[in-house]
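Multiple structures follow.
In what follows, chain A forms one complex with chain B and a second complex with chain C.
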Partner chain A sequence: MNDTSNRPILVLGAGIAGLTAALEAAETGRFVVLVEKNPWVGGRVAAFHQYFPKLCPPSCGLEINIRRLERNPRIRLLTGTRLAGAERIEGGWRVILTRAPRWVTDRCTACGECTAACPVEIPNPFDQGMGTVKAIHRPHAQSWPERFVMERDACRQGCHACADACEYGAIDLAAEATTEELEVGSVVVATGWEPYPLEKLPELGGGVLPDVISNVQMERLAHPGGPTGGRILRPSDGAPPRRVAFVQCAGSRDVNHLAYCSGVCCLASLKEALYVREQLPGAEIAIYYIDRRTPGRNEDFLEKVAGTEGIRLVKGKVGKVLAADGGLELVVEDVEAGRRLHERADLVVLATGMVPSAGDLPLPVELDEDGFVLDDPASGVVPAGVVHRPQEVASVVRDATGASARAMAMAGGRA
Partner chain B sequence: MERIGVVLCSGCDIGKAVDLEAVGGVAGEEGAAWVVSHHALCEPEGLETVRRRLEEDAVDGLLLGACSQRCRADVLCDACLGVPVERAALREHVAWSHAPLDEDTQALAEDLVRMGLARAATVRPPEVLDEPVEDTVLVVGGGLAGMQAALAASALGKPVVLVEAREALGGFLREVPGLPPHRPPWDVPVPNTVGDVVRQVLDDPRIRVITGANLERISGQPGQFEVHVGTGDGSETFRAGAIVQATGAEPYDVSRLEALNPDRSPDVIGSVELDAMLASGELRRPSDGATPRRVVFVQCAGSRDPDHLPYCSSECCATTLRQAARLRQDFPEVEPVVLYRDLRTPGTLEHLYQAVQEEGGTLFLRGEVEAVHANGNGSLQVGLAESLLGDGVAVPADLVVLAVGMVPHSADGEAIRMLNDARERAEHGESETQRAEARELVENLASHEGTEILHLTYRQGPDLPVLQYGFPDSHYICFPYETRRTGIYAAGTVRAPMGPAEAAEDAWGAALKAVQCIEAARRGEAVHPRSGDLGVPDFFLQRCTQCKRCTEECPFGTLDEDEKGTPMLNPLRCRHCGICMGACPERIVSFPDYSVDGIASMIKAVEVPDEDEEKPRILALLCENDALPALDTAAALRTGWNPWVRVVPVRCLGSVNIVWIADALSRGFDGVILIGCRYGDDTQCHYVRGSELANRRLENVQETLERLSLEPERIRLVELAHNEFHRIPELLDEFAGEIEEMDPNPYKGF
Partner chain C sequence: MATVPLIAPSEELREELRARGGTSAARCFQCATCSAVCDLAPDGRPFPRREMLMAQWGLADQLMADPAVWLCHQCNDCTARCPRDARPGDVLQVVRSLVIERLAFPRSLGRFVANVRTTWPVLLGAPLLLWVLLLGLTGHLGVPAHLVSWEEVVPHWMIYSVFFPVTLLVMAAAGVSARRFWVLLGSTGPPRKGSLPVALGAVAAELVTHRRFGCCETARPRRWGHLALVWGFVGAAVTSGLLIVALYGFHMELPLPLTHPFKILGNLSAVALLVGTAILVVERLKDPDRVGRTTAFDTFFLVVVALVVLTGTLVEVARLTLPAAVGLPMYVVHLSLVLTLFATFPYSKFAHMLYRTLALAHERMTRENDQPPDPTD
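Then we have the complex of A and B:
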């Protein structure tokens, strides 16, 4: 054992990958500093309604992970925190962490009086901009740590209604950012992904037509805690759609957008088609695809959905989505069969891919041509989850567990 | 715990909803050592108030009448306050969900404090296991995953014994002439580096390799496995702390795909045979030794096919692309044709697909392959339906390569156990009917004969249970290394179909779980999902009637049996779910902080109003993993529910002992509702089948109720998902409504 082996492992990101990496190391006996930019943990999956193929809620696994996290004495969680700088040192890294001003402090009991008093409404960031929340709010119904957050930029100048309403002195309008420096043995980068922006797909109606939404927005529409209380409704008029079209590879497997396949969108759309089917049994559902990519045992899920009444899987790439007669028209090209279809829908879901969130990391990591972080055993940095490679949740968790092991091995010393 | 202090928090509207002084009075009547209140318990001032009170008058434990047990564990935990802590959820289950200053709300708060005190009185400190723990990790299988698992465990500081059945390491990939790219450039296959991994393993001083060896027997528990290995030279025994099973997969047998090759042409080969040709540098047709020009690949040969392998092996498309690229490189005159249903190159493998398409020499044709026929002139024709050219298309070929999937090299521990038990019954069954049924079962399970790999001496079978299609995979998306045999983790292609890069990474994860399990055993702690928990179950065996329900129902194979059928606990296999506690008709199983008596005391502590008050009481036993969080969320959204409900959180519905229902009915409760996780094929129960077992046990209870002339509808089990927080108050209200329609429980007041 060398003298650096008691340095903690730094995990960047507390989504499902980062939570896993942190918990697995800590439960093995290592100290971990877990850093999350949001004021809450859970990352992308916290916003999802259900996982394929079991159709179980992600919050269920997060519940277990959060209980594991809060009872583990070896994890220090820093929310609202980012990596500001890193310097390679013998056997590890010296890092600078910046914690955003904590307008709502640890004294917050999540009682909710501040929200009641707040005069400002903003588009709900957790709901992909659908629906509104107050400028001070609970990030989502099951968010943890159980503490409210303030979107300070949205506040009216000089307003202190929330501070006045708080019985616990938990509002600190003068809070400032803090920084700290620490030495860590290794770094797990689990900074996750962003959905490919709808706005980059105007030919498919993205960002142009209100009833063209993304798969991630569909998750919020179906979620009981989402903007519609879990009802799948068209954004334009709040009516339940009668014909729903899923457009696969929207901006994926396309050298003009994302050249790679995100590996999850086929399964996500199959799953979302079941959301629609369950809620709106009369709706006609079509999924337009190039290849149906459902590897492993997920093949069973494809069979199940393909055999569900009211759901059609149609071979073809959607080239255009247009407004037509109060609804939407899709132009579908099946190049191999040399045919072009004109199909109708009144809600279109674009199955957009995942873009790795590694661009602005102040770490000298190497990225591949698609922006994913490469695994370099000599670097003292290990990627985990979607920032490493596009993959679905079970693979992310496997990857993060392995990453945790590699980070421990790099950090030296025994487990 | 004997002396219990009560702390009542009036913050978050609790003080506005109930008369806390009266609640404190109830605590005093119920024997609390003292009661203090604070307007914000979780703030530093509140915690200081509690600490000062503890200094003045020490107690064995605290009951916090405050927020839910799921909240503020960072400051309200045992370690934070220095004494064991119990909670009464006055915030979520009273103030945030019920009418303020109402008679029923007050009664509810007072009951919660009574229940909390009653439970706290039964809690004992855990006796921490302090057993000798072996550090060695046993890795079974010396293919890529097994070797990587060994290297990973070694890198984490553990000694490793790697047992391989063949004479050499390297496994299936040893002879493969190339691999799909696992790092950039993503568009070209890479040379096979498995040989380097073999050398690394052989050079690692912490890894001991035993080849040509088979497992004869593994007994014991995590930290204390005893492993017997047979080799050509005899047998040896050593101890291991945890096990990684990386026994790999085999390619699907091409000869079983007769329907694809009805003429039995020797020029229809499998992808493995093509690899052998590519490795040798000689591409020749088996029939005549001629060099083929058109090599036609048939994807999904025997895969995604209910008659063969219903699943997708995930790897065959990448293998075909690698082989097509290699053919074009080594034999430029060859024209590969790939016949596929869906080309599956998820992630960055897409670049390889794009590169092979762009290179131009390979033709990709979508369609359903019907069969390969010999032309008579030495060439072949592949019949293709549903293609862009329509049905009945004949694709000419000189050589056809069937891209076959993978079959896990696993053993179905539960099936083998069933087979062995059936064989025993066929011989010694009580009746001829029983013996005949057993004989039939033996016949049906005959394929499992002699398939043992790990040879565990577990009552529940000699190998890991399989999930589906022979893969001993996890039930859980969030927890892919979850195992039903604690300390034994499957890795690589035996666990699920995957490619080489994935298998190598999978091994790192499995190795970490193995090392983690050893470390947890050393600390006497449970592993996932109750990681860190110290309280192991205690069996009061003097009262055991050898009914074997606990050994049968434990999802983790924790209990073995002695010759009489008495359970033998292996505490380090235990995951502390309490399913044995729920199973036991004699109620002899208890945990230090969770017991039949503990929950029964809570139930009995509720003050049930007289019949003429027309205020029914309903007991709600809620799974703390899903139903309780859903209810807490409903409360946080200020959704109310019927105030007659008394909520008791349980570890798992599987831990619910039927006696609690009897206790509730005899106490005068009018109905009992159990809310737990969804069960069935897509089980969401974190202990695999707790809620399913609870449901089965309830069926018997309902029969009993009918005998007692009680409506069976008084007892209900409902499945609920974690995010169904809108539904759970409705469920409670509906149930309360139905109970109100019924006559009061006639046993009230008895």
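Then we have the complex of A and C:
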């Protein structure tokens, strides 16, 4: 056994992929450094209302993972941290990590006095910009580590209202960024994805019409912790929509936008249609699609939704979404009928795809033509989750488990 | 059990489309974005998604008989939005050239002009040769020392003896094609109602401003270029007609002063033709990925039109300012280009005038009641 065998595995990203990879390796006996750019863990799934096809909340699975994380002494979690540089060394990598100042120390009890005192409101990043929060706030109700975060860029110059309000002395406005250098055996890249920006779809009303939202925003609208407390209301006037339209392949499978299929948006829209229908039983729901892509056993889910009263599936990609008489008009050819329809809706959900977050990694990874990280066993880097390929949560968990095994093999030595 | 196939795919058609540059049709995955965004397509019979499928499958009979092929003005709103870069606008442009060739009478001439990439020297050279031969045989090659009028070299009778028979032949050939096309259009789809002359009148009224062309967003300037060109041609034709009547009905003396109403009309037409041609040429030279690709078939027609307009204008300027030794050869070149334009009418892109007009009339006669108002009304 040589002296490099006890180097930890570096996992970049603590979303569902990174958490899984880190836990699998740590529970096998390896040391892991888990790095997350946000001040909290859980990534995209923490914001979702329900998983398909079981329609259960992601929070419960996440809670189990967080408990495993808390108990495991082999995982060192670094939130608010980014990989700043990496250099290949014999049997691994030498990496530089920079940790942004959090300004809220571990004395924080999440009491909320600081939020009450804070004078600045900002659009809520966790709610996809819908609704507002104070500049110092708790990211979301179940956020972990259970500490408040500060959007320091939004603060007023010289303001220290939060520090004055905190009776535990948990606010350190003088905190500074720190940097550390580490040697690691291998790297798991689980940096996840960003939703394709609505603003790039103006012909579908994206970024132009307030009642045209993304599928990810829909998750927040329906979530009990979201901007409306879980009531599905249209953003323009706060009224419950009577007609909801889902536009599939909005900026996906499209050489002008994302050339690939994200593979989850059909199922996500089917799921969202079901919970909209459950909350608003009178609503008319239509899903406009090119193809209904529900691979494997998810075919049953499709059949279930297609057979639900009040939900229509129309074959045809929507070409235009326009404002019309206080509502929205969708122009689409009903391919099966061979006629062009001018359909009305109060709320339009664009099923936008997933953009891999691998562009600015300071690692010599190769990307495919769509920006996903390619497998390269010789590189000492293993991709996991959506940054590897577009996939739904269950696949991400399997992918991350496999990635963890490969990362352990690459790091060498024995657990 | 049925013994006849429901569809008869033509591998030949697919090959021909490929050869003409319609290769992108194969990329279409039938999402129908094109049919949704086309402002020219009627809601009851949207296009061009169905036409893309016909092109992919090689459904020649269906494509030939489809009025939608001609309702398209190649503005390329569909191409700009197509998620597969299947370029429906360009595919339909290629299909139109195929219709012109297949319905041509005689078909061999249709093929000859369709093959313009190799046959263009003949199409441009033969008429020039004809003029030179005619002038040579009648002893008119060369400029006399004391020339009063250009008519001494190129007499009007010679012009009439070429253009009248050619025009008659061309009209007869175009008539056969028109008849074939009209029968094909009526062979599928809803039955026609009303009379053709009434429908043609409505189409003519629509063409006055090219309102339908105005629905296009991606290649918007093309509307104005085409409109100027059409009006320029109408003006030039009216001027020519008036002149012939005046010359032989009222023994008018030539040349006319520049202030004469006929002259003013003619010159205004020339300006419209020049402006229109310039716009269309510039539009064609723009980013072809956006505004549409140009095939040899398109280029030939546009180049001939541009050369006719350009030499025509230069001849007028030359007649006023340059010696006859320079102006006369230019005049002969102009006459030969006009002959190319006329003689290829039923076989070149020029024939779109015939086919699109008939298709627009057919569309008016088959329009469904439940359709929303046409953008042109």
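Here is the rule we go by: the second predicted complex is superposed on the first by the 408 of 415 C-alpha atoms of A that agree within 3 Å, B and C clash if a C-alpha of one lies under 4 Å from a C-alpha of the other, contacts with A are read in each partner's own complex, and residues count from 1 in each chain.
Operating definition for what follows: contacts are C-beta pairs under 8 Å (C-beta built on N, C-alpha and C of every residue); 3 or more make two chains touch, one makes a residue touch a chain.
Everything quoted here is computed from the prediction, not taken from an experiment.
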Per-residue contact with chain A, leading partner among chain C and chain B: B
Touched partner set for A:I122, first chain B, second chain C, both or neither: neither
Touched partner set for A:A306, first chain B, second chain C, both or neither: neither
Chain B versus chain C as contact partner of A:G319, first or second or both or neither: second
Touched partner set for A:E27, first chain B, second chain C, both or neither: first
First (chain B), second (chain C), both or neither touched by A:R293: first
Touching partner for A:D254 - first (chain B), second (chain C), both, neither: second
Which superposed partner A:G338 touches (first chain B, second chain C, both, neither): both
Shared chain A contacts, counted only where both chain B and chain C touch the same residue: 253, 255, 315, 338
Chain A contact footprint on chain C (complex, rising order): 29-37, 41-46, 49-50, 81, 83-85, 372
Residue numbers on chain B that touch chain A, as the complex places them: 11-13, 39-40, 42-43, 67, 70-74, 77, 79, 152, 155-158, 183-184, 186, 304, 310-314, 342-351, 354, 366, 388, 468-469, 471, 473-474, 476-481, 496-498, 502, 505-509, 511-513, 515-516, 519-520, 527-529, 531-532, 625-626, 629, 633, 636-638, 677-678, 682, 684, 686, 721-726
Touching residues on chain A, where the partner in the complex is chain B: 16, 23-24, 27-29, 49, 51, 53-65, 67-68, 70-73, 107, 109-112, 138, 141-142, 145-146, 167-168, 223-225, 229-230, 253, 255, 259-263, 291-300, 315, 336-338, 368-370, 372, 374-375, 389-391, 393-395, 397-399, 401-406, 408-409, 413-415
Partner chain C, residues of chain A touching it in the complex: 203, 249, 253-257, 290, 315-320, 331-333, 335, 338-342
